[in-house]
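In what comes next, chain A is part of two complexes: it sits with chain B in the first one and with chain C in the second one.
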Partner chain A sequence: MSASLLILIPLLPLIGFLINGIGFKTIPKGAVGIIGTLAVVASFVISVMTFNDFVASGSQPLVVPLFEWITVGDLRIPFSFQIDQLSLLMLMIITGVGSLIHIYSIGYMHHDEGFGKFFAYLNLFLFFMLLLVLGSNYVIMFIGWEGVGLCSYLLIGFWNKNTNYNNTARKAFIMNRVGDLGFLLGIFTIIATFGSVEYTEVFAQASSFSLEDPVIVTICLFLFIGAMGKSAQIPLYTWLPDAMAGPTPVSALIHAATMVTAGIYMVIRSNVLYSLAPSALEIVGIIGGLTAIFAASIGLLQNDIKKVLAYSTVSQLGYMFMGLGAMAYSASMFHVITHAFFKALLFLGAGSVIHAMSDEQDIRNMGGLRKKLPITFITFLIATIAIAGIPPFAGFFSKDEILAHVFEHNKLLWVIGVIGSLMTSFYMFRLLFLTFFGNFRGTHEQEHHLHESPASMTIPLVILAVLSAVGGFIGVPEALHGSHHLAEFMSPLYDAARQANPAGFEPTTLSHSEEYLLMGVSVAVALISAVVAYVMYVQKASVPAPDSAEKSGLQRLVYNKYYVDELYDNVFVKSTKTLSNILYSFGEFFIDLFVNAAVRLTSFSAKMLRKTQTGSTGDYVFAMVLGIVAILFWKLLL
Partner chain B sequence: MLTLLLILLPIAAGIITLLSGERLAKQVALIGGLASLGLAIFVWQQFDPMAGTQFGFKYAWLAASGISFAAGIDGISLLLVLLTTFLTPLIILSAFKNTYKSTATFYSLILFMESALIGVFTATDAFLFYLFFEAALIPVYFLSAVWGGENRLKVTFKFFIYTIFGSLFMLVALVYLYYQTPGTHSSEITEFYRLQLTPGVQGFIFWAFFIAFAIKMPLFPFHTWQPDTYTESPTPATMLLSGIMLKMGVYGLIRFLLPIVPSGMENWGLMAMILSVIGIIYGSIIAIQQSDMKRLIAYSSFAHVGLMAAGVFSSSLNGLQGALIQMLAHGINVIGLFFIVDIIYSRTKTRYLDQLGGISQTSPHLSVYFMILLLGSVALPLTNGFVGEFLLLSSVFQYDAILGAIAGLTIILGSVYMLRLFQKSMFGPKSKWVEGFQDLTASERAVLLPLIIMVFWIGIYPSTFLKLTEPAVSQLLQLVNN
Partner chain C sequence: MYPIVLLSFFGIVTLFLGFSKSKNILLPATLLFLIIALAGNFLEWNKGPLLYFYDMLRVDNVTLAFNGIILLSAFMIFAISGGFQDNPDSEPAEYFGLMLFSLVGALMMVGFQHLIMLFIGVEILSVAMYVLTGSNKRNLRSNEAALKYFLMGAFATGFMLFGITLLYGATGSFKLEQIQGFASNMQVGSESYILYAGLLLLLIGMLFKVSAAPFHFWTPDVYEGAPTIFTTFMSTVVKTAGFAALFRLLSGSFTGVYGFWWIVIAAIAVLTLLVGNIGATSQNSFKRMLAYSGISHAGYLLIALTALSKPSQNAIIFYSLAYSLSTICAFGVLMLVSKEKTIGGQPNEYYDAFNGLAKQNPLLAFVLTVSMLSLAGIPLTAGFWGKFFIFTSAAERGIIWITVIAVLMSTVGIYYYFRVIISSYLKEGDLVKIRVAPFYKVILVLATFLTILFGLAPGIFEGLI
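Right after this comes the complex of A and B.
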């Protein structure tokens, strides 16, 4: 495999960014879209070639050093890339889904005055995202980690004349930085423990640590704080629903398919460390489970099409962490892949709806769109079935695999997971029915303007729909007489972890009939929810009440997202501002008193000293005599 | 000899500037600044990082007493000389767009300042260091007191007296150390390194140096002169103060405090470290609510310098290397940010965030340059701020995990106040103050472009500078650890 080709994978989007970023005023729109998209498509093609080479040459991991980045004493942080099963899978998702979303954006953003800027940012995002997964050490991962955060900030606040959007963008960046601090402290602990940040060196050394070594547990928990921020887990999740202020393709690419899965990537990448720290994994699983059900419950009552999808993303990420908690690394990766397909599709479909509805996002004002937007409808339907976990669509296989592992590991979490499935299916079908079924509830003007989106937007929808439908077949469980290609492919990633903690990797003890039962439960739950939603929103054609309507206590609580934003605002934001004001007015005043005293003392002694410079010879002689006496005194007596 | 030339060239250029008359003065000054930069780059080419102090010279000054006019360059000095000579021409050029009365005097003072700063960073004799340390104060005092804002006289007087107050402690320490040297006494700094002082004495010397340098940088709680002075001074003076002069304090810690009183460090280092870390958080939190952009950046600078000091007090290789590269990065970023504020102020006549907004709509170039400098300042990886902050925080963390975690809050707080600064000035609806706002002119870009190049150079390939200083830093640390 040629190293120079590998470098092109992140470099091409960077070049795309530079061209469009520097020339966005002069390059015509058509060219901007082509440059931006070509950069990513080419990157995708090279990723596929690299993948084939990798498999053909016996799946040997490869580290490609580029240059010396930071070297201080014994600490070497090279700028180098690592190619293995995990990075290759991520590369394919990022560039593959990325390509589709770029193509879609050509149509979606066509009328926007910031078209060039948009493509530049999108390419820059891909550059950082690719660095994140390609780096061969934690600090390169951190470059990507912070870089995607920056792009997320820029794209959430893309329409920056709007102060609200700017505020949500800022909130996203700051909340991510809370997580980043955890990540950074994790890196520092890694440096202090292993003297290196290179994956190969760290993991090789880690294998000799004993199970539950406090240092390893600490590292895992620090890193997980980073993951909570980037992957929007409790308590650092509130930025993601707000991030929907960005253009919809951004929500699809960054806030659903790729960036937010970085936390899962990080844990799988560090599987040696996590496998040595089951107690840290327990926390990961519990946080994931709580997030899954908590976010799903909020999704039940949201009326903004993108907000529903955003809470759904938070919830699905929770499932992935639940899987990680049960050491089902491959299952979580499986869900990362299928989720990338169907969630990107849902967002792009929502974008198509919003596009048709003249920027309307409230599903209470939609309805009956399936006639006017047939392609959007069919593809959205496929994605809904996929996320609800109904076989044989993609989401069924991946979610079921996670739940099976969780069942073996912790029954209570499994119950939480199943309740989450119930809610997922309900809010998704509610969304589908309210949007595409019944009668149109918008204005006449909107109705007049309704249209199916152009081909540049529907083609990506169709491709993603196909993937959402058949994507699950890369991991069919043995119980269904399939073979799990993905798990086999990823298996070498855990060789070191398997040696360090063999118990964690024992094959399932579930019998086939037990597995069928588990599958049956989750499918039944999903179907029941779908039927209930059908009865409520299609047969009875009920529409969620307007915001002004009275709500019961519980409804109000859920509708207002449990008031978590308000809580954070009061506890963190307002108190920091108050502290800032207090320190500025009182702290500074108080300290200044001492400074002023020192200044007065100095000026005063200067004045005194000046008085000694009288110019009179008599005074000087007197001073001299005094001095001599003093010296004599000192010499004789001491 | 080259060192002497480095010190004298700006003085000569300053005198020529004075004589060249009001019309030509700024061009002459710029040429003088560029000539110094050229010379510094030449020295850099000749420099061998492994060869210790180079290009030295030594003239007997007070021959009988062993005090001499001696200077030379090692890796640490060279880095700061490069910083000084790189920033000075940019500071000169940044002033072009404003008209200052008595132009010739104004620009010549900047050059005199440059000379004194180079003197501080290269002196190998302690009393010569002291001389330059005080001399540097005079040009900047006049720049601030004559060309500053409304409250300039009161504010600059306080600044002037207070820093002299601090330096007196250092003077006492230096005189004491001088009398401890054997034989006919010597004030060479390396002679001081050889002294065997009792821990009690080291404690006193530690605090004497600490106060002097802490006031200069400034560190908490010696800082209250700084926001006022930065705000009231004309921007070129603010740039000199924040971009270069505060580095005298950090440099002093590295050159004097660490190697001369190692057991003082052992006993009192933790306390100094705690003060530094308090300063990081204290400054950051205050910056969050500031409305005057200059004052906001002043507090941010105060927070940043606290982290540098904390790295030095960790007396580790990471900490010192981090502090050095951060001095370079901070100088570049802070000058860029003050320049952006100056551009905004000269166009809108206001520095208050509440009155600004929407500038990016008419000035995309300005907002891009601003964003890049801001990213450097909040330490985004691949920009200059990251390398230093990463090394510094890791050194503090290794010194004490809890202090490291507290200091680490700077990455959160920094993004809070910096993004607020950016959003309130650049984004949102256009305010009436920014009507007709012009994007960057060619000469403004000529200032910002070199800064941006350095932001990425240091961020992407810091080895250039890390390698320059590592041998000197390792040598110094050997003294500390013995």
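Right after this comes the complex of A and C.
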């Protein structure tokens, strides 16, 4: 694969951004959508070509240097791209799902006045996301990391005339900054330890460290703090549900399929480091498990269609980290892929519903939509089955693989995982039944307006539905007499880690019958939840109580998201404000004193200098002569 | 070597072109000449050190890089001169001819290997500049500036020539290599004092040309009085050539007596930084501020000279390029704006002329902003890396204290560079939409683009040298 073609993958969205970003006032609407979409589709095509070339040429990872970027002392940071199994898989997800969501947005955002701005931001986001996964060192990853954070901010606050939306955008940005600080510290520690940020050099040097070396554990924990921010893990998860203020395609692309998985990408990318630090992985697994069950429990009682999906995303990300904690890197990547399919589909389906309901998002006001929105309904159903983990749909295979690894690793986490998947299945079917079954509960006007979405929106839904249905077959476990293509494909990525920590990569000790049992448990749990949800919301046709109704203590606690936002507000926000007020009232005096003194000094000497500039040539020459005499006297006579 | 021969010839051709009635052909022809010279310059790329004219001129990649910057700056300046068509008094053929000749002088200063060559180069460049400074014949300030520049320049030239003489007396040669051989093996004695005195006087002459303090007094008056287009030329081409010559002189002949001269350069650098930066803060005229800013940039470049190493050589090259690009942008926008707003028939070059620039002319405001950011050394612009490379080269030599002063002074720089940004974006003004010729726009955008490109990826440039 030639470098010039490779560079086009991120460059095309950037060009799209520049065209739409600079000319969005003048370019006609039709052209904006086409330019934005074409840029991404073309980059998808090139990604596929790259993928084929890579497989055809024997799956050899390669680093493509583009130019010398920063050289400071001994630290050399080239600008180069790394092509290997991991970056290729991410490329395919980002550009593939990205293309579908761009097509969908043409329909979804059609009536919005910020149409051109929207496409420009989306393209910019893809550029940074591609940079994040293509870079061959941590610094390029960081640039991408910050870039996607910026785009996420811009898109959450896309409807910037609404102050609430702006505040949620800010919240997302600030929470991410907390994580970014950890990431930065991680990079600095890497530089201090290895003297390089290039993946190949860092990992080659890391292999010679012993297991549980404190430096490596520190680096891993720092990097994980970054991942917590971006991938919305406890305690930095509260921004993601609020991020739903952005347009729905944004939620699908950024806050479900791609950006939030950057943390998982980072951990898998650094698998050599993490494999050397099992204690850090333990923490990753525990945080993941807690997030999975915690977010799922909040999802049980939410009534906003997008909020449910948002908590579901947080919870699914928790599963991925749980898998990483058990060193099941491929299984987590598998879940990233399948999750990208079905969660993007769920969000786009939700978008289709919201579109039809004239911007209504409360599921208490929906119901019976399956007749009016047949395509949306069927695709949404498929996605629900997939996320619930019912075979043979995609989610089953990936979630089951993670749970099997977790079972081997830590039985308690496995129990948490199973309870989480029980909840997942319940809240998803609850959402499905409340939205698409029963009788319509909205206003008359909304009912009159109900319609299936245009083709540009339904075609992406159908494609994603097919992927959600069959996507799991790239990784069928051996126990089911399939072959795990994905694990085989990704296996070379862990060569170095395998050497460094052979114990972590031993083949499974579970017998086939044990595996069947585990699968049986998770499927049974999912089915039971689905049936319970059916009984509650279809047979009994109960509808969640309105906000004004009295709730029991536990219900209130869960409904209000365990008051975590309020807790953060009291502990962090208020105390920071108090501190800054103190500093403002007292510290400012000293700073002003210093600054004003510097200003006075400068302006006084400027006044003096002005006087020397008399305009008379005689004076100037005299000053020159004085200078010359001084120099000669100083150097020759003294 | 090619560009020297080519430009001498083209200069004469340009003068003859002036006889034709139509002035329209002059500008395209001159631009073409410069492109040919630029192409000719890079014909010798990587051909290794070549010596010409009885070993008086040396061509290597460093020479070619400096030449490239000088010719590129000249090309951009010619391109935004607009052929002087709006001024009936002007004599474009003469101006262009003189500028081409002065370029020959600049190129000689870059490549000299023999002190006589240096002297001839300096004089060719300077005499042309004296004339061009006074080219606005009806403007009193322009005349005054030319005379001032000439008188003081002649004074400095005297010192320079005296220095060369003393060096010849001490070493018996004008050639850099032989002076180097002598200076490296010299015993302390009477000859060493003659050599030291010669070196100091020669340096003083050169420091005058690059407007280092306390030999800077001419700079604000001359920069302000000269027509802006020639001010641009002076502050880019002349400065680059001056520093190339200083670097060649010091690295080619006086590395052996580094301990003697570095502290002089360091002291002058500090003085220059103080005068340039503090002087710029009290200016109300944008053009005069740029003159002081030119002095302060000379101070930064002098720091690189005190380090005198391979990294500092690259730093000077990079800095000159970054500085030239931004300066051309700044003066380019100034010319457009000041022509739009006049006071008593003369262009308004004060800060308040820029009030409200961004509203009707977002592109010009953007170009100006980027160039100011680059001059102030804000990251993501080429100017940041220029300063960064210079500071690291000094730090590697162990000269930390001077870096501290330089960083402090560059924070002062932010004050006066940002004033014009504030004027153009935050203040209300009645500037209308300024018509900009397409080619003019292309040059401004190109220079801005390069400033940002080198700011994002300074490695691109480093890979070239």
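Descriptive notes on the structure:
Heads up, the rule we're going with is that the second predicted complex is superposed on the first by the 587 of 638 C-alpha atoms of A that agree within 3 Å, B and C clash if a C-alpha of one lies under 4 Å from a C-alpha of the other, contacts with A are read in each partner's own complex, and residues count from 1 in each chain.
Here, a contact is a pair of C-beta atoms (placed from the backbone, for glycine too) under 8 Å apart; a residue touches a chain by one contact, two chains touch by 3 or more.
These numbers come from a predicted model, not from an experiment.
When the shared chain is aligned, chain B comes close enough to touch A:143, but chain C does not.
In the superposed model, A:184 lies in contact with chain B only, and not with chain C. Of the two partner chains placed by the overlay, only chain B lies in contact with A:163; chain C stays clear of it.
Of the two partner chains placed by the overlay, only chain B lies in contact with A:580; chain C stays clear of it. After overlaying the two complexes on the shared chain, residue contacts for A:72 are found with chain B and with chain C alike.
In the superposition on chain A, A:174 makes contact with chain B only, while chain C stays out of contact range. Contact with both chain B and chain C is seen for A:602 once the two complexes are overlaid on the shared chain. Judged by the touch definition given at the top, the superposed model places A:412 against neither chain B nor chain C. Note on chain A: of its two partners chain C and chain B, the one contacting more of its residues is B. Overlaid on A, the two complexes show chain B and chain C touching the same residues of chain A, namely 67-73, 602-603. Here chain C touches chain A in the complex through residues 147-148, 151-152, 155-156, 159, 193, 196-197, 200-201, 204, 208, 213-215, 217-218, 220-221, 260, 264, 274-275, 278-279, 281-282, 392, 412, 457-460, 462-463, going by the rule given at the top. On the side of chain A, the complex with chain B involves touching residues 25, 67-73, 75, 139, 142-143, 146-147, 150, 153, 157, 160-163, 166-167, 170, 173-174, 177-178, 180-181, 184-185, 187-189, 191-192, 576-577, 579-581, 583-584, 587-588, 591-592, 594-596, 598-599, 601-603.
Residue ranges of chain B in contact with chain A, taken from their complex: 158, 161-162, 164-165, 168, 221-225, 227, 282, 285-290, 317-318, 321-322, 358, 360-361, 364, 375, 380-382, 387, 390-391, 393-394, 397-398, 401, 404-405, 408-409, 411-412, 415-416, 419-420, 423, 426-429, 460-463, 466-467, 470, 474. Residues 67-73, 78-79, 602-603, 605-607, 609-610, 612-613, 615, 617, 619-621, 623-624, 626-628, 631-632, 634-636 of chain A are the ones that touch chain C when the two sit in their complex.
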